[in-house]
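Following: one structure in structure tokens, then a few remarks.
Chain nomenclature is as follows: A, B, C and D, assigned in order of appearance, with residue numbering initiated at 1 for each chain independently.
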Amino acid sequence: MPLETSTTYPLTKLRLDGRRWNEMRVFQAQISTNPASSGSSYLAMGNTSIMCSVHGPAEGRRGEASGSAGSGGAVVDVDVNVAGFAGIDRKRRAGGSDRQSTNISTILRSAFQSHLHTYLYPHSTISIHVSVLSSDGSLLAAAINACTLALVDAGIPMPGLLCGCTAGMTGSASTPKDPREDELDPLMDLSLPEEQELPYLTIGTTTMVPVGQNNMDEDEEDGETKVAVLNMDSKVHYTYLDSLVPVAIDGCREIRELMEGVIRGSQRM
Amino acid sequence: MNDRRRVNGPPGGTRPPVFQSGLQSSNPSDRPRRQRQPAELRKIFLKTGLIPSASGSAYLEFEPSASLAANRSNPKSMIPPSSALKLTCTVHGPKPLPRSAAYSPNLVLTTHVKYAPFAARRRKGHVRDSSERDLGVHLETALRGAIIAERWPKSGLDITITILEAEDDRWWGEPPDSHDASWGIMNVLAGCITAASAAIADARIDCLDLVAGGVAAITEDVGASHSGSGRLMLDTDPAEHASILSACVVAYMPARDEITELWLKGDSSKAVLDDGDSRQGHDALIDGAVDAARGSYSVLSEAVKESILNAVAHA
Amino acid sequence: MSNPRQASSASQTPHLSPAELSYLYTSLSLPKGPIRPDGRSPTQFRPLTAETDILPGTNGSARIGFADGTQAIVGVKAEVEKTVLASDILQQDVENDLQAPSDRRDGAESTPSAAAGGHGSWVQMSIEIPGFRDDDALPVFLSEMMRESLVGSVTDAGKGRDTEMAGGLKGRLVINKRWHWRLYIDVLLLSQPLSYPLPLLSLTTHLALLSTKLPKLKSQGEEDPFFDDDWGVAEHLYPRPSPSASATSSQIRPPVTLLVISVGDNVIFDPNREEISVADAVLAISITRNSEGQGLKLLSIRTIDPPSRLTQPGVPNSENLSTMAATGNSDNAAAANPSAGQEEVPGVWRPRRGGIKRSVITELTRTVLKKGGVGEEVLEGLEGVEV
Amino acid sequence: MATSLPSVAIPGQRLGSVAAYAAGPGTHIQQANIYASIAGPVVVDPAPPKTQSKSTLRVSRVIPAPSRGTLSGTSQKPRYNTLPAIDSIVLARVTRVQKRQATVSILVVLDESAANSDPSKSASDNDNVASILTSAANPENHSNTDELRFQALIRKEDVRAVEKDRVVMDEMFRVGDIVRGSVISLGDQSFYYLTTARNDLGVVMARSDAGNMMFPASWKEMRDPVTGVGEPRKVARPF
């Protein structure tokens, strides 16, 4: 019988891969990986690894430009491609994209369309190409982070870094939370086996970079955090949302610091 | 890729059942042997202008090998005799490019090669598979070199080939899956090239020359005593050779002595050539394929000429 | 995106003017050796960076990037699969009744069946290129081309040496009579190709296959296979030479496919996009090391449709319509149909017509195959990559 | 010299050297020799007298009609499409009339050689022009084969030579009319450009609102023979 988090966690208080509940997987990232694009990034969260390249802002295709003339801003175009070798079993498919990649690209498109300062680039297209090289959970969150890094590398203005993280519960959490004896813990940054077993959600947050007189004011930072993406496909009793959301937001904050480090550490800055 | 639009036949082979009694009579000596000389080609039937609705068309058929014809008339075993290539080619155009296409100063060539579902031993689906697409690219390369494309600006030419009976990849009496190299496809390509050239000439599209396809292969004899005895054969029928080491198709324009398409695969290093022949195996193989193409050119040119003379006589 | 109708050609139609094409052609066809736009010698390859084993989730993987930013990632995955013969029952009878028709060269193998020799369809290759559908002509053509040389490279002379590789890659995939490995080679091009991507993809595939490992088999004979859980003892798909072996016995390696063009009388390797757009002929030549260790073996040659056939012709001054507006009607007809009227004018671009002379093909293959030639150079370069 | 010429040629066949002949349609030049590029009868067009030019060698796309008069073979003779080239005269059907331009779809490219030479031996590949036209002008016959025909535009300024700025497209063409035009440009990716700015160019066949075939009344009017109602058109001069 395969090990399951819901059975082993209450005993060991450790997850299947040995992490504690609020521990993230190894985070590695790099920007400017592909000189052929305007901006590019490579990001690995555990065994999930993603390459992302950004082209543009460039002149959009004729049909699109006329359609979006009313909006007056750049159009964000996201293309997600999950490599055949990304999963455990090789994925065979008959051309084109599947439901998962279409879903991710839709979420990314709407998130970055509203997040970026698109009004600066009227009648143009920013196209983002995401290649999932290896998928081991938290795919959407990792894709958000990779896109943010690539967009920063491309020099496209945005109010702050958009960071994504997942959070889940250690059990099915289908009954109301009992405040007295609560044996379920929230988990941060789920891996694929955990995603398949447990309810989880993905949150993307953005934090305005403090400017002006607030610049020095470190404490104000939290007050500026906004949730930009919230996606949940699984079922959980609403009382558990209270514990899921803060954990995911905490993860996002952690990732933001890591990503800032990556950006500062790159040679281009 | 599944074809969901049609009711499909069974996915496996469509071979008739072979019974034990039939099998017993089949021994390796029943294997068809090549009765032609190494440089002797099979006869080709080629006729143009058979499809009135197309601007050009051609029908091509290879003569079944002699041994197989004998086998057919006097069957000694239950093993089905090998097939011989039969295909039709239609040319549509020149016609306007679709609205979405970009301006092209040249004739835009599109080639479709499709096996009829019953063409091969194993049923082919209605959706073109990768080998059919691959054939299409080969054919396009072969023809594009011959066509004077700049005389037909802004227009497209569709070349559609339907293979009614494909060449076998091996002798059908051999255990299944004993070979997987698809040598038959090379003969099919050669036939496609010759037929398409005839159909293009029939459609009066400007060409530098008629382009003929030819196949040569390096084969090893049955029961070869020592390895390294590869012999060069022209126009090989895969059913007649137990072991084909390498094969080559060319599309050849005799008037210019030029090759527009070359596809060589396999190990050509073991070819045994005549004494004093210093060519390397692959060069000899290409030369052999060119000789075979010359042979099919003679049929091709006669067929084209005949259709013209017929038209003049009937006009 | 690219026009799928022309996608089968060596790459998209180049966006160069007839004057640029003519200039490029002239400088590449100079009799004293070509002058290439980037200053390389005719046989010099573009610099590249390579790394292997980059993806933990695959059996083998590699990444190669050119300096211009084109990158390819190849992941190899292997799955165990049951060997299905077209007719299992018949198979038994055939083996008993037929005294193994001697259609195999080595008489040692008594059963001439897929179970022993392996099957080419066990190697599956798919290529993803941004802007192309999976079943567009270019990816299909490229994958067939590379697969063909991969499964075709049977190193039959395994005498005493690596018997594991006796049947080539196909033979290596055989586990026992009833089971085999199925190999999926997925090639991922990360950006739209700036030049014909064949060399990039071929080199990357080569490295990925070299780094591919299969778990160590613990079952024996005709048992259902089971494997050692320890990835540390996994065996390479292309076995490494044991340290005890003499230094001369080189490892068996997957084949590589080189792209060669001819321009005028010159032979040019690894053409970039501009160079390929004026090529008279484009050949893809697959080679591998000879099993005897020295020398090279030719595996396959394919012509590739040169994009120069799709270019826009230049108009020589003598035929310029605007300079002869006053002339009569019949002359105009000839001018509108210039290819009939004039021989090639030097310095005026004409789309390439016709095919390749046989002498050119001989010259192209000779340059690749000769001792100390380009083929050896490339293979040596690849052997330098630490896998 | 002419004796060495074959009567019919196939692509790639050497016909003569460029020293003796000029290369015409259906041929190409390779290393100072003229080769056939299509299959067909070889025709030598003698050079116009009193000029220095050589006689032109061409391979005809059409099979020459036999001694005139026999109509038996002509009806089943295959038609070979010739592409519209600059200055070629085409017959086209109007498919759409807009304020600034009319869209037409080209039905027939008239063979220049036939048009110039005496009409009795009009051996053009389009000798069933009449049948094409009547079927095309027939409203029931408006099939969706337009995709298979070359599309062309007649811009407002190309309709007539005089009073260009007073052209009202609706009074020049109606959908379904058959127009004789001359190609002025190969145009862009989708359209050729035609002009009707000559006396012999313009609408040659049209139906009235009542559905009757009209006859030309003047250079800008056609009339319904049944109702007698006139309709404005840019009319081609009848022969």
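Convention: a residue touches a chain if its C-beta (ideal position, glycine included) is under 8 Å from a C-beta of that chain, and two chains touch if they have at least 3 such contacts.
None of the values given here were measured: they were computed from a predicted structure.
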(request) Could you pull out the chain whose C-alpha mean position is farthest off from that of chain A? (result) D
(request) For the chain pair with the highest number of C-beta contact pairs, give its two chain identifiers. (result) B-C
(message) With centres defined as the mean C-alpha position, give me the chain C-chain D separation in Å.
(response) 49
(message) From the mean C-alpha coordinate of chain A to that of chain C, what's the distance rounded to whole Å?
(response) 37
(message) Taking the mean of the C-alpha atoms as each chain's centre, how many Å separate chain A from chain D?
(response) 63
(request) Go ahead and note the Å separation of the Cα centroids belonging to chain B and chain C. (result) 23
(request) Among the residues of chain A, pick out those that touch two or more other chains and give their numbers. (result) 94-95
(request) At least two other chains touched by the same residue of chain C: list those residues. (result) 135, 337, 339-340
(request) Would you please write down the residue numbers of chain D that are in contact with two or more other chains? (result) 26, 28, 37
(request) Going by the contact rule at the top, pick out the chain B residues touching chain D in the complex. (result) 49, 52, 55, 94-99, 101-104, 148, 151-155, 201-210, 253-256, 301, 304-305, 307-309, 311-312, 314-315
(request) Over in the complex, which chain B residues touch chain C? Could you list them? (result) 1, 12-13, 18, 20, 23-24, 26-28, 31, 101-102, 104-106, 108, 110, 130-131, 133-134, 136-138, 140-141, 144-146, 148-151, 156, 174-181, 208, 220, 222-224, 227, 242-243, 251-253, 256-269, 280-283, 286-287, 290
(request) Show which residues of chain C lie in contact with chain A when the two form their complex. (result) 54-58, 61, 65, 67-71, 73, 75-77, 79, 126, 128, 130, 133-135, 184, 186, 188, 190-191, 194
(message) Going by the contact rule set out above, which residues of chain D touch chain B in the complex?
(response) 8, 10-14, 26, 28, 30, 35, 37-41, 61, 63-66, 73, 77-78, 80-81, 83, 147-151, 186, 188-190
(message) Considering only the defined contacts, which chain C positions touch chain B in the complex?
(response) 3, 5-6, 8-9, 85-87, 90-91, 93-95, 97-99, 101-105, 112-114, 117, 119-121, 135, 137, 140-141, 143-144, 148-149, 151-152, 154, 156, 170, 283, 290, 297-305, 309-313, 337-340, 351, 353-358, 361-362, 365, 369
